[in-house]
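Each of the two complexes below includes chain A, the first together with chain B, the second together with chain C.
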Partner chain A sequence: MAARPLSPHLSVYRFAYTMALSILHRITGVALAAGLIVLVCWLMAIAGGEAAYARFTAVMGQGLLQVVLAGWLLAFLYHFANGIRHLFWDAGYGFEKAQARRSAAIVVAFAVVAGGVLLYLFFCPEGVRS
Partner chain B sequence: MAEFLLPLGSRVNKNGKTHKAPEGATKVRKFRIYRFDPDSGANPRIDTYEVDMAACGPMVLDALIKIKNEIDPTLAFRRSCREGICGSCAMNIDGVNTLACTKACEEVASSDVKIYPLPHMPVIKDLVPDLTQFYAQYAAVKPWLSTRSTAPPDSERLQSKEDQEKIDGPSACILCACCSTSCPSYWWNSDRYLGPAALLAAYRWIIDSRDESTGERLDALEDPFRLYRCHTIMNCAEACPKDLNPAKAIGELKQMMAERQH
Partner chain C sequence: MKGGTALGRVLGHGSAKNGVGHWWMQRVTAVALLPLTIWFLASLLALHGFDHASVAAWIAGPWHAVLLCLLVMTLCSHSSLGVQVVIEDYVHGHGLKIASLLLSNFAHVLVAAAGVFAVLKVAFVAN
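Up next, the complex of A and B:
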C-alpha cells in the first residue's frame, strides 16, 4: 500500500477575507519591524547634526525609497487598525460572524482612506495643495 | 514549520479520467473530484464526472451517490445520515469545508463542482481522510464530566436551565472536522495545536456547571501551542455547517486563562 498523500490545502481553499486579513496582519507586522531600522537611522541622523540629517533626507527622497515609505505608511495604518480589532477580540467582543465581517471592512476602509489622505498631504506638491 | 507546497507524492494530476454524460442527458453538470488509489501508488488525480442533474437529487451527496451507483463504483467517500447530524460526509466543496449532504449543488456558484477531501489531512482513499489524530485531540481534552464530589444517591447531577443553555451551543458539535481542517494555523501546527473542534469541546466542559475539574482543564491548555496557536483567523466559524463559533469559544478560553493569572 502506498504512503498516504497529504490532501491539498492552500491551493484549493477559497481565499476568504478571514485568511486575507490574518496573513496581511502578519506581513505588515514583519514589514513594520524591518522598517524600524529606517526609523533608527532617521533618529541617528537627527542626533548626528545638520549635515547627517541632510544626507539622510537626500537618500530617502529618492523615488523608489519614497514608494517604500508610502507602503510602510499603509502597512502601519492597517496593522494599527487590525491590532485594535484584535484587542476587541481579546476583550471578548466581536466574535459573531457578522461582526467580524463588519470590523474587517472597517479596518480595510480605515487603512485605505487614512492612507490616501496622508499620502496626499505628504506627496502632493505644495502648489497643487494650496 | 509551515510547508506551503504539497510533498511530491501528494501533488495532484489535474488530468484524470473523464466520464461522459449518458446520451439524452438534458441538464449536465461537471463534478471534478479528487481521486487517490492507495493500491496503485500513483499520485492523486482529478477525475471529471458529467452528471445529468435532471435525474439527480439536489444535494452534493446525492450527486456523489449517483456517481458511485451509476458511473464509477470505485469512488470512495464517507456518508451516513444524509441530514447533517452525523458529520461523516465532511469534505471541501467549491473551496470551502462543509457537509455534502446539506450543501445543495445549486448553491455552488462555480460552473463545475470541485470536490476535495478535508484539507491538509492524510488521505486513505479518494475523499476519505485519516482522522485518527483529530479524534486523539478530541480525546486529549477529556470530553466527559469530571467530578470530585459524591453523586446524589437518588437523582442525577442537576443544573439550572440557564446553565444548560450555556452548553447547548457547543454540545451541538458533530465532530465533522470542517472547522479544524479549514484553519491555516491547524494546517501548519496540527501536531501540537489542538484545533478549533477539540478546543470547542474543552470549552463545553469547562463552562459546564456540573464539572469540577475546570482548573485542571485550563492547566492542560496552558501551553504555547495547544491553545495559543489560534490567531482568530475565523475560518472555523465561517466553515462550521452547524453554525457554531469555535473562535468565540477559544477567545473565552484565552480570557479565562488571563483572568486566573491574578
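Up next, the complex of A and C:
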C-alpha cells in the first residue's frame, strides 16, 4: 500500500445519512445503466414484431423481474431527484449543512411518494386505470 | 531541458481547453434528460395498454419517434459518462481499467444504435 496520504479518508468521518445518499446516487446510476439495456431490448422486441414482443413480455412478466422493474423505477426517481440536487450544487446553491440535509430529505420523500404513486399506476390491476 | 520553441515545449502537456469537457457533458445530458424522461414516463402512463399494437402505434407518431431517439441517445451518452467515472474510480490495474473502459464505451454505442434503429424501424414500418 502506498505510504503517501490517500484520500478520501472515509474512515475518519462520523457517518451521516447524507453520505449514504451520495453513494446511492452512484449505485442507482450503475443500476440504471443496466436498466437501459432492458429499455432498448423492449424497443428491439417491439421492432421485431408481435412474436418477438410476446417472448419479451413473457420473460419480463415473471414475478422476480417485475420486482426488478419496480426497483428500476424507484432507482430512476431517486437518481432524477438527487441529480437535480447535484445541479443546484453545480450552480453554487445549497451547500450549507442544514440546506444539504433538507434537500436530502426532500429527495428521499420525492422518491418514496412518486415511487408509490407510479408503482400503483403501473402495476395496479386492470381496469383501475382508465 | 529539451530544445525547441517555448510553444513546442508546452504543446500537448497543458490545457487543451477540454479539462471540463467530461464534467460539462455530464451536466448537459442531465439537463436534457429532465424533460425527456418526464415525457417518457408520462407517455407510458397515458398508453392504453402495453400490447404490441398500442405500443407500436405510439412509437410511430413522428414526434414520439424523434423524442424516443433523443431519449435513447441522451441516456446512452449520460450513462457512458457516468459508468466511465465509476470504472476509473474503482477498477484498479491498468490493463483491466482500459479493457473495462473500452467495453463500456462500445456497449453504450451498441445500445444507442440498437435503440435508434428499433424506433426508426417501428416508425417507418407502421406507416
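One rule holds in what follows: the second predicted complex is superposed on the first by the 112 of 130 C-alpha atoms of A that agree within 3 Å, B and C clash if a C-alpha of one lies under 4 Å from a C-alpha of the other, contacts with A are read in each partner's own complex, and residues count from 1 in each chain.
Here is the rule we go by: a residue touches a chain if its C-beta (ideal position, glycine included) is under 8 Å from a C-beta of that chain, and two chains touch if they have at least 3 such contacts.
Given the structure is predicted, the values throughout are model-derived calculations rather than measurements.
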| item | value |
| --- | --- |
| Chain B versus chain C as contact partner of A:Asp90, first or second or both or neither | both |
| First, second, both or neither for A:Ala100, with chain B first and chain C second | first |
| Partner chain in contact with A:Ser11 - chain B first, chain C second, else both or neither | first |
| Partner chain in contact with A:Ala3 - chain B first, chain C second, else both or neither | first |
| Partner chain(s) touched by A:Met19 [first = chain B, second = chain C, both, neither] | first |
| Those residues of chain A which chain B touches in one complex and chain C touches in the other | 86, 90 |
| Residue ranges of chain A touching chain B (in the complex, touch as defined) | 1-14, 16, 18-19, 22-23, 86, 89-92, 95-97, 100 |
| Contact footprint of chain C on chain A as seen in their complex | 26, 29-30, 32-33, 36-37, 39-40, 43-44, 46-47, 49-50, 53-54, 57, 76, 80, 83-84, 86-87, 90, 118, 121-122 |
| Residues on chain C engaged by chain A in the complex (per definition of touch) | 27, 30-31, 34, 37, 41, 44-45, 50, 52, 55-56, 59, 68, 72, 75-76, 79, 82-83, 86, 111, 114-115, 117-119, 121-122, 125 |
| Parts of chain B lying in touch with chain A, wherever the complex brings them together | 4, 6-7, 9-10, 12, 34, 36, 38-44, 92, 94-96, 114, 116-124, 129-130, 182, 184, 187, 231-235, 237-238, 245, 247-248, 251-252, 254-255 |
